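Same chain, two partners: chain A is paired with chain B first, then with chain C.
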Partner chain A sequence: MLQFWGRKLMQYGLVLLLTLALNFSLPRLMPGSPLQLLAGEDVGLLSRAEREEIMARHGLDQPLWRQFTLYLGQLAKGDLGYSYRQRRPVAVIIWERLPWTVLLTGSALALSALAGVVCGTLAAWRRGRISDLGMLSLFIFLDSMPSFWLGMILVALFGSSLRWFPVFGAQSPFAGYTGWAAVADVLHHLALPLTTLTLVTIAGLFLTVRYSTLGVLGEQYITVARAKGLPEGRIVFRHVLRNALLPVITLFMLSLGFVVSGATVVETVFVWPGLGRLMFEAVLQRDYPVLQAAFMMVTVCVIAANLAADLLYPLADPRVRIEGRHVR
Partner chain B sequence: MFSTSALKVHNLSTHFYTRQGVVKAVDGVSFTVEAGHALGLVGESGCGKSVTALSISGLVKPPGRINSGEVWLNGRDLLKTPPRELRRLRGREIALVFQDPLASLNPVLSVGLQLVETVLSHEKVSAGLAKKMAVVQLHRMGLPDPDRLMRCYPLELSGGMCQRVLLTMALLLHPKVLILDEPTTALDTTVQAQILSELKRLQEELKMAVILVTHDMGVIAAMADSVAVMYAGSIVERAPVAELFDRPAHPYTRALLCSIPRFGQEALVPIKGQPPSLLNLPDECAFLPRCPEAFTACRGKRPPLTTVGPGHTAACHQLCLPAMVEVSKR
Partner chain C sequence: MNAACIFQSMKIIGAGRIGAALLLLILCTALFAPWLAPHDPYERVGPPFQKPSAQHPLGTNDIGQDILSEIIWGTRVSLAIGFFAAAIALLLGTFIGIVSGYYRRWLDPLFMRLADIVLVIPFLPLMILLAAYLGPRMSNIILVIGLLTWAGPARVIRSQVLSLREYGYVQAARALGGADARIMFRHILPGVLPVALAQFIRAVSSAVLIESSLAFLGLGDPTAKSWGMVLSYAQARGAFLTGAWLWWILPPGLLITFTVLAFALTGYALEEVVNPRLRGEAIKNVLRKGGGQADRQARK
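Let's turn to the complex of A and B:
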């Protein structure tokens, strides 16, 4: 088991190094001078001395391999570069946005996973009945709806017309709430973007759970469990779900990797101060250091989630565990 | 309806309602099995043997439905028993073992857990005692090192071991009726022989009524006391096992016996043609299109079951009209 984990860690370490190398070379492969990438379009306003000072500060006068080790060293210290647009370190900018994104996408993922598993199992259990067909059409309908459109509908209906929920931001500006009032204020702002994001992500989980549950229900060991006289509840929870949720674990862990990247579209519609919107703004403003750091965050998180899925999967499925033991 | 027999099936019909039409998988099947006896249910694939086995324990899945019939166990009709009570009988009074042993065990649960949960869902005993019962029964089934086996996952066992685990599971609560659906088809011949002899011993020890579903006449000869031959959803011949092998009365049984390999036999005689589709069966002898001995009087009506000897019945027009057969032979 330890050997298995050790081998996985090595594999993912290599993948991580590769992505970092790619991320390092991305701005260097782009057309234009590195100065332009660093300082944006203001580069024409800089004096020659200023240009050389910036080049030296970023080690751009050094050989490439030296630049790479410098880059890794900076990353290790948590230095993600400097945004000349915002005139602040990139790490500070990202750190500011991260909690909002995790709050929104994390809770949306948790909600949609819960609802997807419950509805998917129920639908499979009642295959072909009205409740199954109803849920199936509803979720396929939701899945085919663009998130920005659903978001705008919700804004128009519950924000502008009914005025039940605020339509933008994560907090009421200048309200100065503290304690529970601040929490309630954030939740009030969270409601619409969370609903949108949950509704558009639920379908994939629902369909996966329904499909894999149907597969398990057709297995002979389920008939054997019935033949043994087990109560229905125990058959569902111990025999069906235990098997049907295995592919869902992978799907869930992979989605977890994207929690950090946020939902650019939904965050933009609701002006949510998360990483997704930060990336959108960075694209519009050509703020390359921010973009580069955001890309890196996303890839690292996806790799970490994959690693976690790989390490946890043998705990959930003895078949992987046993094969791992034999193969080595 | 009360009798000394452990299980009495009367006029059982199970039909599948598909888009193409009604498939009469089991159509008016009746038989009884005494305690301590084994009934072999034989026939080609798709003749309704397995559906009969599933119908008895109420495990037929939609679009299948039991249309009519009675299944008497301990003086109660299982088909009129509410599902909740039927569940309590399954596994305790009636146990089932299926064909593919590896597919019958849940791959992500340990062998021990799957044995123990069987006990715990029927008996109010502690988990420790249930575990002890499982270990003892595994040992009786001839499995080495049962304590280690309890912690194993199905993937770690061979097919023969899996089938022994499943038999252990079926016998844990000493059921009165044991239904075996092709129990040894997926196994090697040597393992098959071992398992059959152990089954025979346990059957006598526990005084169980056994229904053995198989297409293998060798298994029938080793295990069964009497045989029911099924064709296209109905029983066409019923006889004690020796009688059936010596004096088969139905042309289908004779054809079936000719198609099994034996020493000293020159060539196998296969049965010509395919079993009929169970959709829209004509109301006449279902074996008619393939029967080498058919004659004109066979057309147009179903042959009734006729007694041909002690405990020996068969459904063939030849048997009803012995005079006519004589005429046609001449």
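Let's turn to the complex of A and C:
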């Protein structure tokens, strides 16, 4: 068990290191002035002293390995650089945006997992019938849609035509809400982006649940349970779901990478103040320090979630635990 | 395989026919774009923000270009990016799949760990980062998509190789002292080609979808208007706040959806036909568009 955890930790540590190395080398390997690629397009407007500060900060006059250790050291201290565009430390900008992304992706993940499990089990249970095929077609269709387009359509329908929901942002500007009114205001703003992200995420979870439930339904112990004359409801909840949901536990965590990717575009459509929208703004303004930090933050979150899923999985499925011991 | 699964695979193949028919229609649109489009998509042919009329069936955009012509020509751009990106992904994926399936001891762990890494990193933020540094050129977009989507196909092809290498004729070729390279390319490669073709078609589907997202985020090539670019401009001009979304946003998005769907359905059905052993994998692989959770599932 410990060995299994150790191996996983090593694996994800390697992924993290590679991500950092990529982030480190991109501005240094690209054609063009590394000064500009490290500090953003506005470097021409900076004073001589400021440029020298950037040079010193990144150790640009030192050998590459020294620059890399310098980079890692700064990261370890939580120093993500300085945005010369916004004239603020990048870490401050990132921390402002992170909670909004967590709110959106977290709730989308929870909602789509719930809907995916319910619909997937139902579909497998009624396999081949009209309700199964209907859900299958609907979800495959939703899966083929660009998420930003679905968002734009929802905005056009429920935002600007019907005026049920606000069309951008996460809070009403200058409204000065406090307490529960502020929460309600955020939820009102959250409705459309959350719906969009959930709809494009369900498909994956639905198909996995459906497939794994179909597999369990074919097992002999289900036939035995039926032969014993157990009620259908008991078979579904006690015998089928307990086994069919195992892969879903992993998938739930692993979907995070996908949800985060989806969130990047959905946030852009809805001007949701999260990390995805921040990346979009940083691309437009060629604000490379912010772009890099946002990418790194998103990746670190996803790697952490993956690691957590992998570490916790043996707790849910004793078979992995035991097999793991045998293999060693 | 029980009756339900067989029934299901028949449904999949039926869906594949619909997909193939749609595919043909879309390919024809791309091929005959110059004859189908009423106007030059880069020419200002009317006043801006026109509503649909006989002359401009889908109206005009913010600078007076004909939207219908834009999306007919966009078929070419979107498909071209999809095809080339998928070709890169599949060339890489097939090579890595065969080599790591064949050299199980040495290269397999290395390449599969690499595939894991590619699958874990959230692909869209990474693509945004790369595209931002590389610059919005069509070749760069193709390269970025191709280089980041090989891992899924490589996995599937590797698993095919793992079973192929145990076949009698491959064993015989090895016993006769055939060179590794010859065995891989003369004996194993033909065996994986059908699977690779199915993977290719599905890779086109995800590449088209990814391209539209990148273009929407402002990372598309401004000299080659794809469907995603049209939508990006529509968003920037606030088309969804007015009635214009009906003819400016709805049609290109539907085209993307149906193209992605057509390629995906054809891909699943083909996979079902060429490799019934992968049954169910095909369905799970729908997820590949994302972080490749399906792969990870398959290994569990």
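Throughout what follows, the second predicted complex is superposed on the first by the 309 of 328 C-alpha atoms of A that agree within 3 Å, B and C clash if a C-alpha of one lies under 4 Å from a C-alpha of the other, contacts with A are read in each partner's own complex, and residues count from 1 in each chain.
Assume a contact is a pair of C-beta atoms (placed from the backbone, for glycine too) under 8 Å apart; a residue touches a chain by one contact, two chains touch by 3 or more.
Here the structure is a predicted model, which means the values were calculated and not measured.
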| item | value |
| --- | --- |
| Chain C versus chain B on the shared chain A, clash or fit after superposition | fit |
| First (chain B), second (chain C), both or neither touched by A:G176 | neither |
| Chain B versus chain C as contact partner of A:P27, first or second or both or neither | second |
| Partner chain(s) touched by A:K228 [first = chain B, second = chain C, both, neither] | first |
| Touching partner for A:Q220 - first (chain B), second (chain C), both, neither | first |
| First, second, both or neither for A:L133, with chain B first and chain C second | second |
| Which of chain B and chain C A:G78 touches, first, second, both or neither | neither |
| First (chain B), second (chain C), both or neither touched by A:G44 | neither |
| Superposition-derived comparison: chain B or chain C, residues of chain A touched | C |
| Which superposed partner A:A203 touches (first chain B, second chain C, both, neither) | second |
| Nearest-approach distance, in Å, of chain C Cα atoms to those of chain B in the combined model | 8 |
| Footprint of chain A on chain B - complex, ascending | 57, 59, 87-92, 95-96, 98, 100, 103-110, 117-118, 121-122, 153, 155-156, 166, 169 |
| Chain A partner contacts - residues on chain C that touch it in the complex | 2, 4-5, 7-8, 11, 113, 116-117, 120-126, 128-130, 132-134, 205, 209, 212-213, 216-219, 228, 231, 234-235, 240-242, 245, 249-250, 252-253, 256-258, 260-261, 264-265, 280, 283-284, 286-287, 289-291, 293-294, 296-297, 300 |
| Chain A - residues contacting chain C, complex | 11-12, 14-15, 18-19, 23, 26-27, 30, 37, 127-128, 133, 140-141, 143-150, 152-153, 155-156, 159-160, 167, 203-204, 207-208, 210-211, 214-215, 218, 247, 250-251, 254-258, 260-262, 264-265, 268-269, 276, 279-280, 282-284, 286, 288, 291-292, 294-295, 298-299, 302-303, 306, 313, 320 |
| Residue ranges of chain A touching chain B (in the complex, touch as defined) | 219-221, 223-231, 234, 238-239, 242-243, 246, 316-319, 322 |
